[in-house]
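Two complexes, one shared chain (chain A), two partners (chain B, chain C).
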Partner chain A sequence: MRKGKMFLLDILNSLLPLLSAFGIGAIIIILIGENPLTTYNIMFGKTLFEWNGFLKTLHFASPLILTGLAIAITFKASIFNMGVEGQLLVGGFFACVIGFCFEGLNPVVHVILGLLTGITCGMIFALIPAILKAYFKVNEIVVTLMLNYAAIEILRILTQTIYRDIGSGYVSTPTVAGSVMFNRIGGTRLTLFFPITIIVFVIMYIVFKKSRLGYEVTAVGKNPEFAEASGMNIKRKIIYIMLISGALSGLAGAGYMFSEKFKYTLDFSGNPGLGWDGMLIALLGRCSPIGIIIAAIFYSSLKTGGDSINIFTNVPKEIVSVIQGLTILFLSIRFINQNTKLFGNIMARFDSKKKKNEEV
Partner chain B sequence: MNMLYGLSRPTSGKIFIREKEVDFFTPLDAINAGIGMVHQHFKLVPSLTICENILLGVEIMYEGKLGKLPFIDSKKAYEKVQKVSDKFKIDLNLKDKVRDISIGLKQRVEIMKMLYRNVNILILDEPTAVLTPQEVDDLIIDLKELKDKGKTIIFISHKLSEVMEVSDSIIIIRRGRVIGDVKTRDITEQEIAQIMVGRDVVLRVNKDEIGCSNNDVIYKLENISTKNMLGKEVLSDINIEVKKGEILGIAGVEGNGQNELVMILTGLMISTKGKIIFNSKNITNWWPTDIREAGIGIIHEDRYAQCLCRDMTISENIIAGYHRNPDVSKHGMMRYGEIVKKRDRLVKEYDIRIANPDGNVSQLSGGNAQKLIIAREFDPNPKLLIAYQPTHGLDVGSIEFVHNKILELRKQGAGVVMVSSDLTEIMSLSDRIAVMYNGRIIGEVDAHKTNTAEIGMLMAGITNKRSNQI
Partner chain C sequence: MDFQRIFYIMLSNSAPIILCVLGGNYAHIAGVLNISLEGMMLIGAFASVLFVSVTGSLLKGALIGIIITLVFGLIFAFMCITQKGNPIIIGLAINLLAFSITPFILKVMNTSNLNVNNIIDVAGLKINIPLIKDIPFIGQIVSGHPLVTYVSFIGIFIMWTIMHKTKFGIYVRVVGENEDAAYSVGINVNKIKYIAILIGAFCSALAGINLALEKMALFTNGMTAGIGFIALAAIFCGNGRPGLSSLYAMLFGLAQSLAVNLNISAGPVSGLFKTLPYFVIVIILSVASIIQNKNNRMRGFKNE
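The block that comes next holds the complex of A and B.
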């Protein structure tokens, strides 16, 4: 009974911000002089209800599912890894380096090597805040957040100097070798990356629902005191969680590199980056695995749908960014309402003032 | 006290100041109404001077001809603070930085902060907890001075001697209720100690007298000492022995080191000195899981903090602490099928009443939650039980259940260490009673030959010849 109610509330909490964002988006579209319904219809029709468009959406959803998971699992342990973006960039970049440094390798070996490099680099990059948090009690939010900028700048320097492709007209690394490029499956946009993502997703699902690590992480997240008294090593759990999160981010970067970008440019992850999108997806999906898949596909359709809007209507593509921003805004309002008594306090204050006035 | 200071709000009832009803939302409201609080942990900025700390939030600005300027008039501020400090005869060098001064001085700064805001009622929460004896004396002199100047002081403390020395009237609170309201000159320390631990309810337990004095020692503490985060020694040279089939009660007024002792016994705190020996194995500073695996059952004080996790299911809670045992987890995977079976078995065996077996612990009543803990800790047949306030906040029926289970365990030959501030419980269950005072075991008495008066005396820190002093 109660569980069902909670479930409904969860869905409502995810849907309301979305609807509000689309509502305000509609007002803007009307102001531009277009019909919002047709615009939204084109956006979702092309990306969700057309077979090829849907596969394209799935293709772009792959890195989003991974980054969404990477953030959701840290939320589960009440740790906040804001550095998914940086970990993704580092993972993608070094996967790319492996990709163009070796030529003529066996494709299977090369792909595995590239992906493993991406994963390892993401993990190493996540290890820094993990150790600081576990052993020196440094706030992980600040460290992970700031390390993103460190990553962006270091990678920029590497791209501009050592790994610069001289032949290219803009700042970028050389293109990866053909042996690591994921081929499109049967003429669609889908590549090997999507099945890999789904396999990783299933593994993570089992780890978090069935394994001892999942059990202990849940306990650490829900009640650290209880976890400690039950003999769980909280410090070690923090490190594990951050490593897993970093690995997922690194894999997202490497996969995105081999399936879509093929070379590192300064706008590799787009704007806002895939890591930030992942955070939105984790929130939208209420950190539940199924929710994340749905949110990632929906979000990807929003992103790819922007192009269709551009082609078929007068509405600029940027409307998608507006809707994204509004969604984050409304989601955070929900978040505040849920976790703090902000509204409760305001209401109480208001009530007592009213009472006083009545007495007077 | 947090309610008085506007940090939390009462769910019912009203607060009156000088026969006027008040309603606080923030500490600022409280200060404006004339209430100031000095917290146990100081809230000062180390890099600012004393004067700046006192004025924080009520800075004095330059007043030019055109009105106030957004700069601090430090000279005027200094003079103003100095005036207040002279008035109340509190010695402070206002230009010192707070990070350079001693803890005792920091406390004076806190008090000054409140005086500057012209409060009439001063609340001090455990003001002596961090002070040295000399600083305590100075504080008491200061407080008496303030009293003479017409300020009202509320002094919250565990330490009876200080309360006796500083106060005019005493209110004794136990478990969220006022249980005593007396004039200081009409009462002695022992009487307060007795009121604090309660003698109103007398519980009858059917205790079989089984001689255990000749049994082997199963659990032994040798010179256990530890320091808290501030580096103050909170436990010194604790020596305890527990024999098989014996219940050792540890009594004492709350805050005399019982918390730290239990944390060391259960692996949540590191001892700086000494050894813990269980079954002739040295288990000092082991992890909680290892301690449980060795055969020690643990019941913590706070049911919903350390013992259970409200937001996890009953089956997840019933394996906590034992979740590494092969019967519930194998190769890193939880065997949820087995866990559910175990839950169903224990729920039946210990008669835990639950509405939804798959639901969270938050649905359980206090008594049933405690039964769940008992079921978890008693099921592996521990050879020793560490129980800290095992009946805290329970109804009479559940108390009886817990007591009977503990006695059953004793009958099976297990040793029990029971730490409780409820003297009735200690007296009715234990075979031997050790009393803690100020981080030490101040005395040990035979439970059958003692009375509340003797224990009350020990709890107040007064020893006589009848108890074997250590």
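The block that comes next holds the complex of A and C.
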């Protein structure tokens, strides 16, 4: 019973902030003279309740699931990897470089090479803050944030100079070769990226729930001093966690590159980037794998819906990021905890009913 | 290389960082990690420029900008202290809100940036200090900055005095050292933390005004470009001492100024210098942390 109650609490604690954020979002939409109901209807109608639209939502959810997992694993360990965005960009960029540098390779080899490059680059980029945090106790938030800015600048320069596609009218790299482009499956928006994501998700689920590492991550997050006292090598754990996080972000970038963008442009990851969306998803999903996948699909529908409100209404699509910020703000506090009276009363009533039933 | 120009830009660029450092220091010492300095600065910059263009008066615009930033500070404090949320996540949310609300409003207004050049004369805001401006070399560096830049440097002493010579400063430090002890001797812990966060918001607003209104009379999307986080790094490096942190802030200002100046003379790869301040921060923060933790035998890592 207790477990069920906690589960219900978790769901309510995720739903209420969401509703509040959408409420305030609605007020903002009214203030600029538009109808919030039609806006929200356009946002979700096409993306969740139409089959093809839903598949498109799933397609765009793939990188979000990966970044969500990448952030959740560090949050669980009380490490704040704010560099998921930078790791994703670096992974995506170098996967793209591999993608257009080699022509005529066997597609299977080429795809594997490209994805591995993305993963490796993400890991290398995550290794810097990891080593600094583990061995020198440098605050990882500042380091990862700063490296994000540095990564964006360096990639911008690379795109503008060495890897610039001269023929293109705007600043971008050349398009990747056909051998690494993921084909759409059966006329839908889905590509190979989604199954890959699901496989990675299953692996991560097992790591989270069943493996020793998953247990140790939680232990480090709950009380690092105790974890070290009981014999865990915290330094190595921090490095592992950051490496996994970097690998997931790098894979997200590489997959997004091969399945959607095909070339690196300066707005590759959008604004706010996929890494920041991952933060919302990890929080919304309460850092549990199943929660993350639901949150990612929901948020992906919000994002793809944001594009259609731009077309059909006068509401700027920045409203989506406003709602995102509000959601994170409300998610940071627990709306109801076990001690809240109203909730306790309801639960008590359920309990007594159950008891009565049992007695009968 | 024009050293006069480099040092002038250094002082000019340091001002918003120093303001953020001074404001953020109180929250840091009171034990609240405020990473929303960046967002608050952006809100301050945006609101002040917006209301200057609405009201047509510099003073009114700046005041309203400060008030709006303080409201965001209040939201942060309420969520974090009264509701006991995680300050890092709340800070992130405020940053995200700041970086999404400003382009949202700009889109609604149908412009890409806010320009109040017709209301404010930027060159006229620069104050030339009599006597000092006549000193050769140094005069041209120190003199000719807008008001808030001077305020930021004077602020170092003011903040130091408040921190070390007043009752409030002692309370803040006690709260940071040991909350329970502070509570037991009758200090209103929550009130102290609220004030600490609001001071941070106030200073961030000033930094925003300095950045957008005084120097350029212009607001563009995401114009703070990580200054708030640079300030955060300076606070960590200085470990809560206003003077030392400000010194680090000036070092970052120097890195930025060098980046701007090398930019002009370097040619195509000049963009690489833009990354200089960020790497400088990472290196300085690492060195500072190594020195601070040299004799540390604590287990695990501190949860901040």
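One rule holds in what follows: the second predicted complex is superposed on the first by the 318 of 360 C-alpha atoms of A that agree within 3 Å, B and C clash if a C-alpha of one lies under 4 Å from a C-alpha of the other, contacts with A are read in each partner's own complex, and residues count from 1 in each chain.
Basically, a residue touches a chain if its C-beta (ideal position, glycine included) is under 8 Å from a C-beta of that chain, and two chains touch if they have at least 3 such contacts.
Please read all numbers here as calculations on a predicted model, not as lab measurements.
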{"item": "Side-by-side fit of chain B and chain C on chain A, or clash", "value": "clash"}
{"item": "Touching partner for A:Val171 - first (chain B), second (chain C), both, neither", "value": "neither"}
{"item": "Touching partner for A:Asn233 - first (chain B), second (chain C), both, neither", "value": "first"}
{"item": "Of chain C and chain B, partner touching more chain A residues", "value": "C"}
{"item": "Chain B versus chain C as contact partner of A:Ile42, first or second or both or neither", "value": "neither"}
{"item": "Chain B versus chain C as contact partner of A:Leu329, first or second or both or neither", "value": "second"}
{"item": "Partner chain in contact with A:Glu216 - chain B first, chain C second, else both or neither", "value": "first"}
{"item": "Touched partner set for A:Leu113, first chain B, second chain C, both or neither", "value": "neither"}
{"item": "Partner chain(s) touched by A:Lys133 [first = chain B, second = chain C, both, neither]", "value": "second"}
{"item": "Touched partner set for A:Glu225, first chain B, second chain C, both or neither", "value": "both"}
{"item": "Against chain B, colliding segment of chain C, chosen among 163-171, 199-207, 253-261 or 271-279", "value": "163-171"}
{"item": "Residues of chain A that lie at the interface with chain B and also at the interface with chain C", "value": "223, 225-229"}
{"item": "Contact set on chain C toward chain A in their complex", "value": "35, 75, 79, 83-86, 88-90, 92-94, 96-97, 99-101, 103-104, 107-108, 225-226, 229-230, 232-233, 236, 268-269, 271-272, 274-275, 278-279, 281-282, 285-286, 289-290, 293, 296, 298-304"}
{"item": "Residues of chain B touching chain A in the complex", "value": "9, 23, 25, 266-268, 287-292, 298, 300, 302, 305-312, 316, 320-321, 323-324, 329, 332-334, 336, 359"}
{"item": "Partner chain B, residues of chain A touching it in the complex", "value": "2-3, 210-216, 218-219, 222-223, 225-233, 345, 348-349, 352"}
{"item": "Contact footprint of chain C on chain A as seen in their complex", "value": "28, 32, 78, 80, 82, 128, 132-133, 136-139, 141-143, 145-147, 149-150, 153-154, 156-157, 160-161, 220, 223-229, 234, 238, 271-272, 276, 279, 283, 316, 318-319, 321-322, 324-326, 328-329, 331-333"}
